[in-house]
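In what follows, structures are represented as structure tokens.
Okay, so subunit A shows up in both of these, paired with subunit B first and subunit C after.
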Partner chain A sequence: MIRRFFSCSAAVSVLLVCSIAFAAPPIKIGGLFAVSGPSAPLGEPERNTAKMVVDEINKAGGVNGRKLELVSYDTTGDATKALQLANKLIKDDKVTAIIGPSTTPEAMAIIPVVEKEHIPLIALAAGSKITDPVKKWVFKTAQNDSLAVSWIFEYLQKQKQSKVAILTVSTGFGSSGREQLKAQAARYGISLVFDDTFGPNDSDMTAQLTKVRASHAQALIVWGTNPGPAKIANNARQLGLKIPIFMSHGVSSKKFIELAGDAAEGIKLPSGKVIVADLLPKSDSQRKSLMAFVKDYQNHYKTEGDHFGGHAWDAVMLIKAAIERGGDTPAGIRDNLEKIKGFAGIGGTFSYSAQDHAGLGKDAFVLVEIKNRDWVLVK
Partner chain B sequence: MQFDQILQYSLSGLSTGAIYALIGVGFSIIFNATGIINFAQGEFVMLGGMFTLLFLETLKLPLWAAIPCAIVASTVAGLLFERLAIRPLRQATPINLVIITIGGSILIRGLAMLSWGKDTHAIPPFSGDDPIAIAGATILPQHLWILAITVIIVIVNRIYFYHTISGKAMRACAYNRRAAGLVGIDVHRMVLFSFIISSAMGSIAGIIVAPLTMTAYDVGIMLGLKGFCAAIIGGMSSGIATVIGGLLLGVLESLGAGLISSGYKDAIAFIILLLILFIRPQGLFGKAESERV
Partner chain C sequence: MKRELLKFGVFAILVLLAPLLFSGGYLMNVLVFVGINTMLAIGLNLLLGNAGQISLGHAGFFGMGAYISGILTATYAWNPWFAMPLAAVVVGLLAFLIGFPILKLKGHYLAMATLGLGIIVFIVFNETVDLTGGPSGLSGIPNLTMGSVTFDSDVKNYYLIWGFTLMIVLFAVNLANSRVGRALRAVHDSEVAAKVLGVNTSLLKVQIFTLSAVISSLAGSLYAHTMTFVAPASFGFNFSVELLTMVVIGGLGSVYGSFLGAALLTLLPEFLRAAHDYDIIIYGGLLMLMVMFMPGGLVRGVPDLFRKLFRRGKESGHA
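What follows is the complex of A and B.
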């Protein structure tokens, strides 16, 4: 009996030693996510998703026979911390590629490091300046603000509404949206007759909306993240503001409908496709990825997957695709990322090239309207 | 500038100002009983809203039952705060106590964040949300609730401080703590009372404003500071002066946002605060040595 035990364990240990000797070491991928702090609503689903996807890839045998290993840190949304952690990932952890960080200021802070150290970075932040101008080692998965703006303006142009009021939140998200709105208005023959801001925590927006009413605008565009836009929707209803209201993709979550209640009815906004995955036509190339992601996230974390998680899903899957094409070194991943065409992910269909490291077209967004406390697609 | 616009700014300002007034009176009551500024006052405003949400959504109580429960719960929190954080250090200097209240506010906010998360939550209005038109301006039924409840609380406050024994005792403490103690007033009990009254008032303010502004774990910071401004304008009086201070602040803020720029909304409140502190530290209506209750 004892002999049998020994021979068994000997066999097992031989097997173990063999597998260690023959399996290549895992490919280390660094993750920088703002899991705590003010940007936690972005960083938390991003980290969760990245972990979920990497685990699943490994369970299915890894990529080209090599496992992935995610080394992730919490940047708390702080650019200085993001920079330190990026250095740590590259120098101590010796990662092959980095995904993150969650916000544009953090991404801008670490770009010089990855450029110098030649490590591919897939940023999860939206600011268009991350990849414009193109930096050799920097890619991104979050949709540019400019795409969302053009969706709204195109719709307004079709409706022949040219006098528009804009209200933007006084944060980075709002000022970036405001820049885009002002830059693109002329191209669509739209004049901004009123331009004002609101504080992210202001309790009452009737003052701004009273001015909107006096400006005789034909439509109102609100650029912000919860809860400000929900308060604006409520205040607009109170004032009896009759003009159509458009919001940004910053409020494309069920939370907005919950906060604004009846006042949300009829509001239109450009949104990534995650929230309307089940409404998309069968022919939509992203449908398969979207449904898989939403269901998967629901199973793992008991809450619906959102856009932010989607950015991380795209980043991990793009790296996987690049490795599959034969690059498991930093330079190999970078070169192969640039060759990816028509990759149907969560944020859109990615086609990177040497001139375009954002990779998304206008089809990354759809225009949705809120009806009966749910989303419907605007045709 | 049209009349209906000015009217709209003023009406919006009055209802926001009423909230500042309620919070400001809470500051003054504690200041007068203890000589300290309770910077945790804003957190009781937050607790009012968040407890209402808890009783409404988690315990499924109807709104009319959830509100008194939330007031009681926040008041108990205020009582515990006094017992656990303020009373053990009663002999400490005011500056220590003020720092303790700041620490307490961070603790309460942190606990609220851990138990209710970082999301913003909506609370249904007390009686519908169909706008009421007044000469070209519109307000919501909730604005009327806010104004009416503020008036009632101010009247009850007045009756308490001038026509009941414990109210008079609290005024006596404000005039001179030592003399009040010498004539047999239990000063410690008055301090406890002051915390109970002001946390109850703070939570009421938080509850009546929540349907309009929504509530989250961090709404107490700004509302608390604005209430503090109102109390300073009113010269730390727990009576009508602070109420006027709050209303004035609300209207100026709203007019400033409407006529100048909404970007300066918060700046206006703090510029007023600084001006008052520089020019009339005794408050807008106070005599140099003012009666503070």
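What follows is the complex of A and C.
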């Protein structure tokens, strides 16, 4: 009888230990990043950052006692793959939320799936149409390109320059930027006297720039991601094009200065605050997050963190914040995301609401200029 | 012929029963794409395997089917069942018209011309932003419906796509065994000899090119209505090459080979994902080995392999 009692209590205690160990299975978060292919410069820092942040959260004991687990896949920047992998994350891996994908077409492709399966998605792509109109389960952390456009136009308006030429890259990023440039020009009294595109892999843009010169534009706005804009900067210098050149936040990384060299001098662009973290005034609410992220990324990956990584940082931290508010189910995370106000992240200060799933204001950007191969703030 | 029907019957039953094994999971979704790719591979195989004419522009026809269907239904609110045949007719007409000058070319020159065609189509998708949505893609394409059934889940899409695929398999098998099929093979072996025997080779080549384009367009329309979103990146040069690889790996001139090639190239990356960062290397290595040791494609290589193993086993048994 006594032996029986012991074996019973042993069994019970084993069960107890097990139940403690398995009490809180990790919360699975899916990641879709374009780690290879043409969008690799976006996807790689995003995946690296997401891994880094999730590791750190787990080291610090997880969220509300539960660890996070990141299940990430490479979409290669292809919308079809992104859709298949989103299905895999939801149906096989049974994730609670998804971070990514890196580009706007991929995000648009997977939106119908997450809406149907009721899984919150935090997209890392910039296209305004991801969250406009608002979709119940879709949020984003990358700054809307409409904000970047208004920064440039406001500056031009102050400088009393009204005749502008635009060159946009023929990718999702470029066409979304072009839409915004064309939509907002009139509001700032600006006329677009020349509008042309360039291919992401074109090696010479002299043809377009000659036409820019002939158009008598007072300024040139180039909307693209590396390496195209750097080639434009070089070609413009070779042609002796003297008008001021503006670029998009798509090139706000040291890589652009490396590629363009001296031709980058004097170019101005709206940028997230990551690249100028140390130049920001002490009063800036994002300064703490920014400095921490930059230092962390440097320690982990021996290279500078950029705003792409920042988008992933924001996404993971926002999910963490949503879980901390007491929701670790898909619906709970979604509802709590909408309640987040004044979250000082890398891309800006996020305040989501039922009407706004992009969450950022104009202060997400600063205007920077390239001087002596480094960034300075334009006052 | 009876044997062909039997083969088809077995294949069809396997296809129809597959969801019982994989239902609910993510694999179901991949199998939908296997169906679409099988259709495309069969279309290209009719041209490449039977008639011996290469095309590096088939992703273009695939994309045109997807975009015409997508634009008509998403922007102009057409019924998908009307948009699909219209897309097929437009793509077919286009292929027929450009087929005459293009198919006069041979070998590398034909490859270059079709490559150019594919790239032009790709550029049009990217640049006509008002129509196609440009590089950021076209969304809001409706699912197909049949009565009260909307094809909006993986299982429903599986039966929809594979229904079409099975029809195309049956059609291709019949075509290969018909008078036209024999004429095509004659063109493949020697165009001059075929001409001497009274085959109108230039017309026949254009006809098979058109048929191949129409099948691709149909696959494209179905793709658009299952994905409900299309972007140009899915229809680039890379995809044309992938299709060509499916046909060659599967087995030139074989309908079931096209299926094997499409299934392998669609499923392999999914299984290799477990190998994380090395998956691309393993994938490339496997393809190289297959081309080196199975020049006839999977459809001939796999039975050969079994036969060899079996015979060796027998010999050692005797010894």
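The rule is short, and it goes like this: the second predicted complex is superposed on the first by the 357 of 379 C-alpha atoms of A that agree within 3 Å, B and C clash if a C-alpha of one lies under 4 Å from a C-alpha of the other, contacts with A are read in each partner's own complex, and residues count from 1 in each chain.
Quick note on the criterion: a residue touches a chain if its C-beta (ideal position, glycine included) is under 8 Å from a C-beta of that chain, and two chains touch if they have at least 3 such contacts.
No experiment lies behind these values; they were computed from the predicted model shown.
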* To do: In the superposition on subunit A, see if there is space for subunit B and subunit C together, and answer fit or clash.
  => fit
* To do: Considering only the touch criterion stated at the top, classify A:T141 as touching first (subunit B), second (subunit C), both, or neither.
  => neither
* subunit B versus subunit C as contact partner of A:S150, first or second or both or neither -> neither
* To do: For A:T225, decide between first (touching subunit B), second (touching subunit C), both and neither.
  => neither
* Between subunit B (first) and subunit C (second), which does A:K255 come into contact with in this model arrangement: first, second, both, or neither? -> first
* Asked: Just subunit B (first), just subunit C (second), both, or neither: which does A:S128 touch?
  -> neither
* Check the residue A:S170 against both partner chains and state whether it touches subunit B (first), subunit C (second), both, or neither. => both
* Asked: Taking the superposition as given, does A:T197 touch the first partner, subunit B, the second, subunit C, both, or neither?
  -> both
* Where does A:R237 make contact in the superposed view: on subunit B (first), on subunit C (second), on both, or on neither? -> first
* After the superposition, pull out the minimum Cα separation from subunit B to subunit C in whole angstrom, please. => 7
* To do: Using the superposition described at the top, list the residues of subunit A that contact subunit B and also contact subunit C.
  => 170, 197
* Structure fact -> Seen from subunit A, its contact residues with subunit C in the complex are 36, 73, 77-80, 83-84, 87-88, 91-92, 104-105, 108-109, 111-112, 116, 127, 129, 170-176, 178-179, 197
* Asked: Across the complex, what residues on subunit C touch subunit A?
  -> 24-26, 29-30, 33, 126-127, 129, 134-137, 139, 152, 154, 227-231, 233-234, 273, 280
* Structure fact -> The residues of subunit A that touch subunit B in their complex are 40-41, 170, 196-199, 201-208, 210-211, 214, 226-227, 230-231, 234, 237-240, 255, 258-262
* Asked: Can you name the residues of subunit B that touch subunit A in the complex?
  -> 2, 5, 8-9, 12, 15-16, 118-122, 129, 131, 133, 138-140, 209, 212-214, 216, 218-219, 222-223, 254, 257-258, 261-263, 265-266
